[in-house]
Amino acid sequence: MLEHDKMQEECGVFGIFNHPEATHMTYLGLYALQHRGQESAGIAVSDRTRIKNYKKMGLVSDIFKERILNGLTGNIAIGHVRYSTSGSSIERNAQPFSVYYSKGPIAISHNGNIINAFELREQLEEKGAIFQTTLDSEIIIHLLAKNTKKNFIQSIIDSLNLLKGSYALLIMSRDNLIAARDPWGFRPLVLGKVGGKYVVSSETCAFDLINAEYIREIEPGELIMIDDNGVTSYYFNKNEAHRCCIFEYVYFARPDSIVFGKSVQSVRKELGIQLAKEAPVDADIVIPVPDSGIYAGFGYSDESKIPLEMGFVRNHYVGRTFIKPTQDDRSFGVRVKLNPVKEIIKNKRIILIDDSIVRATTTKMRIEALKNCGAKKIHLRIVSPPITDSCFFGIDTPDKEKLIASSHSVKEIEKILGVDSLAYISTEGLLNSVNNKHKYCLSCFDGKYPFEVNPEKARFRLENSTQIDFKF
Amino acid sequence: MLEHDKMQEECGVFGIFNHPEATHMTYLGLYALQHRGQESAGIAVSDRTRIKNYKKMGLVSDIFKERILNGLTGNIAIGHVRYSTSGSSIERNAQPFSVYYSKGPIAISHNGNIINAFELREQLEEKGAIFQTTLDSEIIIHLLAKNTKKNFIQSIIDSLNLLKGSYALLIMSRDNLIAARDPWGFRPLVLGKVGGKYVVSSETCAFDLINAEYIREIEPGELIMIDDNGVTSYYFNKNEAHRCCIFEYVYFARPDSIVFGKSVQSVRKELGIQLAKEAPVDADIVIPVPDSGIYAGFGYSDESKIPLEMGFVRNHYVGRTFIKPTQDDRSFGVRVKLNPVKEIIKNKRIILIDDSIVRATTTKMRIEALKNCGAKKIHLRIVSPPITDSCFFGIDTPDKEKLIASSHSVKEIEKILGVDSLAYISTEGLLNSVNNKHKYCLSCFDGKYPFEVNPEKARFRLENSTQIDFKF
Amino acid sequence: MLEHDKMQEECGVFGIFNHPEATHMTYLGLYALQHRGQESAGIAVSDRTRIKNYKKMGLVSDIFKERILNGLTGNIAIGHVRYSTSGSSIERNAQPFSVYYSKGPIAISHNGNIINAFELREQLEEKGAIFQTTLDSEIIIHLLAKNTKKNFIQSIIDSLNLLKGSYALLIMSRDNLIAARDPWGFRPLVLGKVGGKYVVSSETCAFDLINAEYIREIEPGELIMIDDNGVTSYYFNKNEAHRCCIFEYVYFARPDSIVFGKSVQSVRKELGIQLAKEAPVDADIVIPVPDSGIYAGFGYSDESKIPLEMGFVRNHYVGRTFIKPTQDDRSFGVRVKLNPVKEIIKNKRIILIDDSIVRATTTKMRIEALKNCGAKKIHLRIVSPPITDSCFFGIDTPDKEKLIASSHSVKEIEKILGVDSLAYISTEGLLNSVNNKHKYCLSCFDGKYPFEVNPEKARFRLENSTQIDFKF
Amino acid sequence: MLEHDKMQEECGVFGIFNHPEATHMTYLGLYALQHRGQESAGIAVSDRTRIKNYKKMGLVSDIFKERILNGLTGNIAIGHVRYSTSGSSIERNAQPFSVYYSKGPIAISHNGNIINAFELREQLEEKGAIFQTTLDSEIIIHLLAKNTKKNFIQSIIDSLNLLKGSYALLIMSRDNLIAARDPWGFRPLVLGKVGGKYVVSSETCAFDLINAEYIREIEPGELIMIDDNGVTSYYFNKNEAHRCCIFEYVYFARPDSIVFGKSVQSVRKELGIQLAKEAPVDADIVIPVPDSGIYAGFGYSDESKIPLEMGFVRNHYVGRTFIKPTQDDRSFGVRVKLNPVKEIIKNKRIILIDDSIVRATTTKMRIEALKNCGAKKIHLRIVSPPITDSCFFGIDTPDKEKLIASSHSVKEIEKILGVDSLAYISTEGLLNSVNNKHKYCLSCFDGKYPFEVNPEKARFRLENSTQIDFKF
């Protein structure tokens, strides 16, 4: 496996109400959201009496075959693709998570991370709760099941108000579909319509695939209830300052999506333009790191008038695993995914555009690959500020001490990487490029979390102490 | 598939404490107990810190491969093979069932059927419990988790005392293994020792395979706690009259096992002798229906001095499924498993020995097969009394109305089957042949249940109303 | 795996002509013949234009699923189950073997062993032939393809006359089905009819399953051509003395089959009677080794008036592989398949009936198992003469030096096994029990082969020197 | 499935001699060549005594696992990825193809199409050859096996000289590796060196991945023999005019490869520049069709000074299959792979750059997708001339009548597609952009084949008349 040196999105969610092809539509929605999680996928569907749930480790296209989709009869469905932030990467932890409780069957899909999960779980266990997974979703359903209020919406809102952290949440009962977004609005969640039926999704690219029309974002702190009476909106918490995850623009979201109200692709191009203004340098060519760096590369090239060349070519058939040669030079793991093109690189002064630097191990190998191909100069330009702190809101980041910018200045990183110059975009530059309708979470750049975070507990993996399941 | 026309055992359990090869031993124990359930199998193992659990649909030898066993490290283990009485036949319902609760991880293997499961579940749900399976085991663990007593054994005993029904139960925590048998003693459970370490099993045939020594039965209403201090026995309920399942002798248990203190094979031979005394008839040969009828056949032949012949030969390679020809004569499904041997049958007066008649559909096809081979006379002898009532204590029986003897006299059945004579063993004859140290449950012959049973709720399948899971 | 200590049948063949359910019937025929080979299975079918062929490693019921059978459209079919004598156990060597040659597509199923295969192959290679498998079948088709005669039957007969060794052979072209048996008649091959359509099979048990009527044996040296004109018989070689394989009666064939014109089960019982006459001994019980020893056990018990008991109980769920415990006592591998029943064995003087002794390793472990259960005396009775020589005609036997009787007297074997007495049936006794219409091959008892055999070349495995394929 | 509307490369080959990690290197080589064939893959390896061969349907990364690579011991290896031009897409037809013949084991990997295969096969069958596949490779080995010359190289050259058509061929015996390229040089084949050991490959991108150094092309009509004495070159036919496949530059080869002596990426950019000169048009943006059109898009944008935008975003997780919704609008199949980005497209005058038009069905759907997103004008620019004729030299093209340009003028196609203007690059423009060291095959643009081609026989699929194998 490639050493993991990326901030990693952990989940995508999709839901649809009262559609004759609910399961197929959800399958396609997940297909489009596959980049948000490639470890497991699942679909739960209600035929108004029973909820069926099918989930497995693997890619959407490998898991769901015609006969499986056909067996998942019903007209309300929610789906989930998962990477794995909280909860270990085992089949038991795949979502949607479904149970039977006093009000009947219920299923839930969650993108995000509940940072007070550990405390909530301890409290629930003391009251006799048993846990089968290490998912936040199981905690949320326990809270809901414990709530004795007759009013379903109110009992959900009560439960949500106990949660601290990030969530784009879909809850399906026999007859309705609920979508809720945490009061800070960390993770994206959008509402759309196809053939007169409502759909919800993490990103609009899922709407495009099924020809659905994009209506609007679900607002931070908003819960919408979709049932046979239509859509009803509830604002359960409007007090929190917005903290939309700016990294959705930088790296996670698909370039063809609209996220937090603005086209991702256009933001990325803006970032390149901005960076070209902030950190210009004389060079022969601009080389973007595919795929996320490409749009920023266009922007930088446009602004600087320095031609862009595809100096790295991506191998489109890289599987989830590959087997390294024994006598491996260190750069092999990088080369298998991106092949540097000697003809383009040789004797050139290069501006290399990448989205971010995490540990810097991968970046270093790419720099070396460029040098091996005869690059004359390498100027590295990064379209995000230095990442100095871990994320606790749904993104898989290494511990703080492994983030190179947490303990090194830009000059030091420049030296470590062996580049002729290194520049990051400024926080202001970043904020100028994104949709200014929202406020953003910058905590991975400045360590300022919206509430107190105990790193030990916030990212506590229950399975670290007492694993209760085992899958091969 | 062969039409299901047999009483069907639903589960087998096996456990071992503090053995360096705990997982391998459990694998072998389940291997030997495979006849008690072929639908799914699982092993949970404790390494004193964590509990790992691996379970799947399929046969023991297909599920557990070397690398899987090697991954299941630990020295306490429990295992389970399952047919499926309560809970639908889906992977989610495979056992052992393991969760994490306030006292840590816990795993459970259950053979039996809790007839007040529906009520208990409703009560638990009202208090906010959520359910992920339709297993009795999940209810038992909920009861345990809700119990606030500090004393672990006492909280288990409290929980067991809420249960009505049958259970041979294994519970494993990080550091101990508990085995309990319901106060009526419906299902068998035995204690043994191998290499100085304790083992528990549904039948002794599992002990034979691992060269363990048989010590004794776990008594009805007894719970034993095995930990590093040795074995401690608790009698949590000695008030109930014993009701050991007599069908274990007739059909379910392996002939080489000791069950309820007596060799199964020797009981079966006794049954044949007894039946020859009760219902003699002049004939040329005795033909047993393999395999369960063979020992009774020996007994009948010995007593009657009429020679035994293997008029039906079993195909040892019958898979779980086979594909019928389109132009199928009705008897094909019977013939694929047991081939009647024309040379033996032709022109003979035959005494056919079988263990029981359930719906009579299979029996009828076998009679026809004998006639097609030219049998001159057929006298059918059954080594159990007429089955008139459903079992609710861990055996899969058809509904009462589908049991031919519930609505037909012996003479009528004789006519329906088209045999020259039909005789069942008497209840007294049956009781004379088994271990008289115990009392037995005869409710499938007389409908006298040890406590009130509401058929609707006792065999209520939760998934019938609201299925919450889906597996292909 | 159990150490291999049995003579092993290597193949079964089945064919059917012009039947609307040709593929399904062949599937069922192979199902019934599964005991003749469990390593791979295949079906080739002609729709009068094309021949389709599907074959895989595994059991018939695992390989062939509904959609596969439905895809194999056509009304002429041949099938094959294979153990693996000649040719290594790899998928490439599965049968039927099909190719395209000058006269169109052709498929072949072969049970037997061509002892001059090595020479024939060398000659063919010198003329430019290329080989993809190490199957005798590929050689036979090469001979056929090289033959320039216009007459199809004559070119087959020419090819067969070049072969030395054993073959029960089915050849299918677009429009016809040919069945041939070698001039010595080593391997069985029978003709039957179902719904007016002709079928051929290694054993009649396949006819029973599909309700086909048994017509007659294909004679040694006979070839029958089945086409739309009916059946035509050709005797291509009537000069050789018959050498039917007597071990088909002793061990290989299914007890419910008719082989070489006589019921296998009745022969086996005869063998037990004969042996009781030849080698009587005073004892308490007769214990047969299941399954092949059971019928001989009946015979011995009937003749001696000593009661038969099932002292070994077979585990019906033994998979193709199982994983041994690390701290294995030597007898484990035996016990997993046959569990000795202590209650029956203890303090008894036992006559143990088995079909044969090959290496004696398994026999020795079973004797020890009986002793461990407290047997007082053990008298071993074997219903075949001492096996002193290897078979080269389609049976997998160890090399001569590994056959215990090749270098030890009966007294010595008795001592090695540690039994109180050992007796084998006499050759005369054996011959008296089988169908006296035929002559039999006794070469494994007397080393007298019907023609000169060079052990090196006759059992030469081409893959030993130059493996050309590789499958996991 | 997406309707097939592309010229399709059919195979890639890779070989390595005397390398300690021969199998792993070949695996990686195939990994890099995966774009040349995704249907099956295989590796044959020689340990100097035996040749092992492993091949399956599927992708390289799915087929080859660590334990499989480790089992393929040896230091000479050849590999193959296959799409499927000649020979049906069944496992039997996967390559390498290996057999045993008079000189020992031999394996072969072939990229190309032998147009006189049908005649050669008929001649071979007449002489008694049997065929198990429909591969050209089997014919080549037959020719070789029939050749009685003692000299191995000469017998290969004799065989090659009988072939008409395209081949980049690797042949491996126990001790040597031969690489040959047809006299016309249709398909690419290059020589390299890694760690002092020779490697051969269809493209240089495979060299990059294993850090091998590119030495030179194997010349048209050249055969090189690599053995322990080094490399020996033979020119078996220098008479034919070169006909390198120009489509390797346009579409097939990976952009980071050097093919026919020139960087593919640089050729593609040249094509865009050239086309901008030949067919300029006023517009707001240039949109390339990913991925092949991107480099041409850069060129066109650079030359025209019209900015390039990624108006189509590729979904990187498109599996080999996906399931369409029932109520499918026609454009779904296009959208699943490439999502048009409304924000970029809306109200724009667009120059759309694509590599070629085959049937035009996919092109038409993309044009419609652009219109649905609100494109104001669409000018389609194609960097290859109109495709009017089928390829018979290793490329999968539809029949001539299905090629839209075979029966329609540019103006007509423009109208059918509904674009505001359509322009193809000129043949001269195309030739000016590629490596002028070679001559090129332009027969798909002008129908002028280098020798007479009988379409019926040249693309005759043997399985069409008489399929001899069947795989699911």
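Per-chain residue numbering starts at 1, and chain names A, B, C and D are given in the order in which the chains are listed.
To be clear about the criterion, a contact is a pair of C-beta atoms (placed from the backbone, for glycine too) under 8 Å apart; a residue touches a chain by one contact, two chains touch by 3 or more.
Model, not experiment: these values are computed from the prediction.
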{"item": "Copy pair chain A, chain D: interface residue numbering same or different (half cut)", "value": "same"}
{"item": "Approximate Å spacing (C-alpha centroids) for the pair chain C, chain D", "value": "49"}
{"item": "Centre distance in Å when chain A and chain D are each reduced to the mean of their C-alpha atoms", "value": "36"}
{"item": "Between chain C and chain A, distance of the C-alpha-averaged centres to the nearest whole Å", "value": "61"}
{"item": "Per-residue multi-chain contacts in chain A, two or more chains", "value": "none"}
{"item": "Overall pattern in which the protein chains touch one another (line/ring/star/complete/other)", "value": "ring"}
{"item": "Sites on chain C touched by chain B in the complex", "value": "21, 24-25, 27-28, 31-32, 34-35, 38, 59-62, 64-66, 69, 195, 205, 208-211, 254-256, 258, 263, 265-266, 291, 294-295, 298, 302, 307-310, 313, 315-323, 325-327, 329, 332, 335-336, 339-341, 343-344"}
{"item": "Of chain D, residues touching chain C in the complex", "value": "49-54, 67-68, 71-72, 98-102, 104-105, 125-132, 138, 141-142, 145-148, 462, 466-472"}
